[in-house]
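Letters A, B, C, D and E name the chains as they come in the text, with residue numbers starting at 1 for each one.
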């Protein structure tokens, strides 16, 4: 294994933090958003510039400072981290554009604060992606929780307040209450928290302890919204839509699952979990979340809440993939991060665009909206297909890999769960599409002539929708990255 | 000159105290610059001393030229050099930050105020460097007396609280003195190093056992450890703001330092941890302190009072960490002395800034402060995060050591208490943030509207010091590893693993 | 021969001490406290601690009592216990 | 509360009783406390410092650092009292009372008007019931100088007999307090006013600390009086003896001033009116 | 029994100081009058001083002032056993000073409290605070 030492990961993390003073002290909104764009592009460029090396099987290392004996703040870019960082930094660019349209379209207050904390959140997300050890990851994880709090509560009203409370209590509470002690106990056993392909915990603890730690980690990373710690996610939908889109479909929740997958593969190691036979309970938890989440999504009328429950279910696919402990399963889980990200962000963008254009939040009020906003609703359709896992979209690929993984691991029950949940996905998405395109518009619902949302809203969602399509035929580099890292962690 | 650093670090503020009084008799405006100069000198000396200790190891200084045990000696090792720097930093920073506040509160008695202020610092620094058990008592009293006066000089319930503080403090100090007397009775010496040499032969004696218990009880009273904490919230929350931001970070922490010093370097770990076998009950008391402190903090809606209850819990952190009896736990306790000093300073300073502008310390009156005082509130948030224990602020790292120590010692109860207190701190601080962040968009636009809009940022020097302390919180966090490996590791006796 | 004197004074110290906290008049308590200090000073003198006794005589029995009386004068003599 | 008090004191008492049986017998010359450090003082005090009163030698030299802080403690008590109690009043517009001492007639002057200061027959009073007592005033005026003289003797002779700066200072202060009690505070202020008392207390401690600093500047450790030898034209041992005297004077000055200022503030509750 | 009594008598100073500590502490906790508490506090402090002075005492020995020290007759051997130990005396001088200093500050605070509430009784003060 080749390693390169470079400060690039550090810079990639810091770029958006350094941009904050510039964003904060900008005189006009245009300048402010200019800086945001610039930071986003630089960040993506930095991340992308590391891609070739990673694709060649190298790892990029950057040690910042040793904060505790044997434990430092350090970054390491490997295939899995690269995958996530690529997705997140690319989508930041798109979301920035979308934010401009959305925030200006609705004339929101405190936009400077919004863009500042957005930048902090992105730093934290990339930090999690590139962290070389659990401590660094925890640091950025907490940073993300706190930085997103002002975003979630952006509206500063009573609803935002209760949701913010719930959000913090779940995410920070679980990470302090569960992850921190689990991390310390791990450190006590191993004296080392570095992620290594075969895990560091192997051979140091008994089965009971490992099981306990595993569940402390899985539930502790409450951002992954594994049931029963999921109810913050629908509550957090009070945030402005770009926030929901990027953070709750991409950065925040994906950081949660990313952390879980990282811990399962990097700290515990697939071999040990297999030896202790701990995958079954994990699979059970994930499957439950998938099914229950999908069922609840069926009963939602608020579009964003429905999407939130859909996210809860989809996130557990990723956990499920990792929990199968088979190469295909892990690959599927990892690729699903990318596929779901593009699909779900499209859906959220659409929901936001509808809200900007019409002010409607509920599905029942969207009858016939497809005729008014064809681009948006077409994109919605594509996103929905991707989430369901239907062939023309990228989502099919990840689900297919997951199914293969289930077969590889001889988990017929899981196979059933996957298929059944796809049916459920179709069951809650298709009525929306049907209502939008095939029902006659009730003009009473729309006072004026509703047009497409502003250009800044429509273009981003079109782009992500197109990418969702493209990913089926050309899933690189995500597929390759996922295959590489899955091969490494499963030792095959 | 550097040979005299241990002496100078105390002598500079002490001599300055008298000059300040004389200067202030001439012109009141002289008091502040003189104090600032003296404390800066003391701070620089302390840093120099720390550098010297890191380079060359233990520094001894024989006062009046008499070698111990005949004379009084200062013995500066890594432990006290570190705490010394923390004390000097807090004193200096707080002095700079609270200039305007002090001017407003004590306009007609600036001279006495700064004299008492600097005497308090001289006393605390003396406690930290001294190597003589009785000298420590005298310095303890100097710090205590000046503290009583400063705490009591406010309207409302301050004098009564201060009087209760005197009663409790005097009992604590008397018990300490009695403990030292017991030790003197069986050894005939007062020098700490000499005591440590002569005591092991006497461990079976009941006198040593009672000396140990009496000392410990006395110190626990002075530091406000859980069952004896009742004086602390009253005294600290009713004190004038510039005083509570000085006393709250320093006094309890220095007392914890004294406990560590006595237990490790006078009674030796073998006696304190192994023979006395009180680690277990002490840790349980610490757990009780943490839990009780946290819940009491939840029950109040006054800012300063809440912060003082947090101090009660933090004392539990440090005492519990120390009595875990392993290297990790003790490192955590020592690190937390430094971190908590800065943390408490930061949070009390920002509270002082807020209270002076808002005119009330009720949490409910803090509506809309994020808009009105963004910098102050920003620092307050950083301090809050540090107290909660969010990386990379320093509070996380000391908590890390404490919890690691708890895991290594198998004290899972202590670990649970620390986590619980983190969670409660989270609730406590976000309760405030919520009010400061959400409230103005409610119905307070009417009568309160013009009142709130009169609130504005704290004075410039206050802001600068606030930002400096906030930066310090991060710096201490990032360099926690270095502090531990370069300084604290050498401070703990080798025998402790 | 000195021992009985020692004992008697010690008993007096105790009596004055208890008296000082029992008497229901603060001025009386102050004066009794002065007496207590003076008895204490005698005790120390007997034990050979002349310097301590001297100090206690001037400080404890002298100035402290004056301070107590002054403070009682400035506040109130009344006490309920 | 009583029950709680009883429990507490029984616990404390029990704690103290627990260790006592292992104490060496009372008055035993061979007890460990008497065998380790204190024999050094007894045997070497005279040759080291030329001070026969060992307590003074130890107090001001061997453990002189403690004593400096002891003085600082008393100094801070004085400042603390001033800080807490003092009420500064810019100008009084209240009624003033003056008594003609020979006849006992009291004048009431309204709106802050006043009689010329220093007139012997009239005396400013605050409450009507304070009697004028010639006997007490005259007696105290006779006693005070002797007390003060004795105080100076105690300070100066501390090397050879019980006493020293501290006791002497308290006695000197007590003399002034006696004067203040027998007359009133205002009259005492004419002898030693508040500022002078503060200045004296600071100067006293400063004399102590300054001596120490001087030793430091002359190349010794802090408070190492033997380094003063060149300055005082004596040998190292006598320099110690003289150094002790100097610091004892400082202590005496500081203690005297602080005792007086404490009394001023306590007896008038910080108002600095007629006092007791 | 005999030895117990002898043991008791041999250390009666130490028993006395324990008694005084208990008296003082009782006053500090049980009494509600602030000045009474202050007196109790001083009793505790003097009790500690008594303890130290008792440590120093040596039966039948003289006070710690060297006889003929000032006659400068050369250094004739000074026997440490002949003199009462001076060190505790020195310490206790300091302790006495501390106690008077504490007394001063405590009384000042008591006067301040009285100024504010018009009473020195804790229960009445508590009532006044309730009223406000």
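We take it that a contact is a pair of C-beta atoms (placed from the backbone, for glycine too) under 8 Å apart; a residue touches a chain by one contact, two chains touch by 3 or more.
These figures come from a predicted structure and were not determined experimentally.
*Asks:* Just to be sure I understand the contacts, which chains border both chain D and chain B?
*Replies:* Chains in contact with chain B as well as chain D: E.
*Asks:* Closest chain to the protein CA centroid?
*Replies:* Answer by centroid distance: B.
*Asks:* Taking contacts as defined above, which has more of them, A-B or C-D?
*Replies:* Result of the comparison of A-B and C-D: A-B.
*Asks:* Select the chain at the greatest separation from chain A, using centres from the mean of Cα atoms.
*Replies:* C
*Asks:* Centroid from C-alpha atoms only, then distance chain D to chain E, rounded to Å. What do you get?
*Replies:* 18
*Asks:* Roughly how far is chain A from chain E, centre to centre by C-alpha average, rounded to an integer in Å?
*Replies:* The computed centroid separation for chain A versus chain E comes out at 71 Å.
*Asks:* Measuring from the mean C-alpha position of chain B to the mean C-alpha position of chain E, what distance in angstrom results?
*Replies:* The separation of the two C-alpha centroids amounts to 29 Å.
*Asks:* Centroid of chain B to centroid of chain C, CA atoms only: how many Å?
*Replies:* 37
*Asks:* Pull out every residue in chain E that's touching 2 or more other chains.
*Replies:* Expected reply: 12-13, 21, 25-26, 30, 32, 54-58, 61, 63-65, 87-89, 91, 93-94, 97-98, 100-102, 104-105, 107-112.
*Asks:* Do you know which chain A residues sit against two or more other chains?
*Replies:* Residue numbers touching two or more other chains: none in chain A.
*Asks:* Which residues of chain C are in contact with two or more other chains?
*Replies:* As it turns out, chain C has residues touching two or more other chains at 50-51, 55, 59, 63, 67, 70-71, 74.
*Asks:* Among the chains present, which pairs are found to touch?
*Replies:* According to the stated criterion, the contacting chain pairs are A-B, B-D, B-E, C-D, C-E, D-E.
*Asks:* Under the definition above, what is the set of chain E residues touching chain B in their complex?
*Replies:* Going through chain E, the ones touching chain B are 21, 25, 28, 34, 37, 41, 44-45, 48, 51-52, 55, 87-88, 91, 94-95, 98, 101-102, 105-106, 108-110, 112-113, 116-117, 125, 129.
*Asks:* With touch defined as at the start, can you tell me which chain C residues reach chain E in the complex?
*Replies:* Spelled out, the residues of chain C in touch with chain E are 7, 10, 13-14, 17-18, 20-21, 26, 29-30, 33, 36-37, 40, 43-44, 47-52, 55-56, 59-60, 63-64, 67-68, 70-72, 74-76, 78-81.
*Asks:* Quick one: which bits of chain E touch chain C in the complex? Just the residue numbers, please.
*Replies:* Residues 12-13, 16, 19-20, 23-24, 26-27, 30-33, 35-36, 38-40, 42-43, 46, 49-50, 53-54, 56-58, 61-65, 84, 88-89, 92-93, 96-97, 99-100, 103-104, 107, 110-111, 114, 119-121 of chain E touch chain C in their complex.
*Asks:* So in the complex, the part of chain E that touches chain D is made up of which residues?
*Replies:* Chain E reaches chain D through residues 7, 10-15, 18, 21-22, 25-26, 29-30, 32, 54-61, 63-67, 69-70, 75, 78-81, 83, 85-91, 93-94, 97-98, 100-102, 104-105, 107-109, 111-112, 115.
*Asks:* Using the touch definition from the top, list the residues of chain B that touch chain D in their complex.
*Replies:* Chain B residues touching chain D: 4, 7, 11, 14-15, 17-19, 21-22, 25, 61-66, 69-72, 108-109, 112-113, 115-116, 119, 122-123, 126, 134-135, 138-139, 141-142, 145-146, 148-150, 152-153, 159, 178, 182, 184-190, 198, 205-207, 209-211, 213-214, 217.
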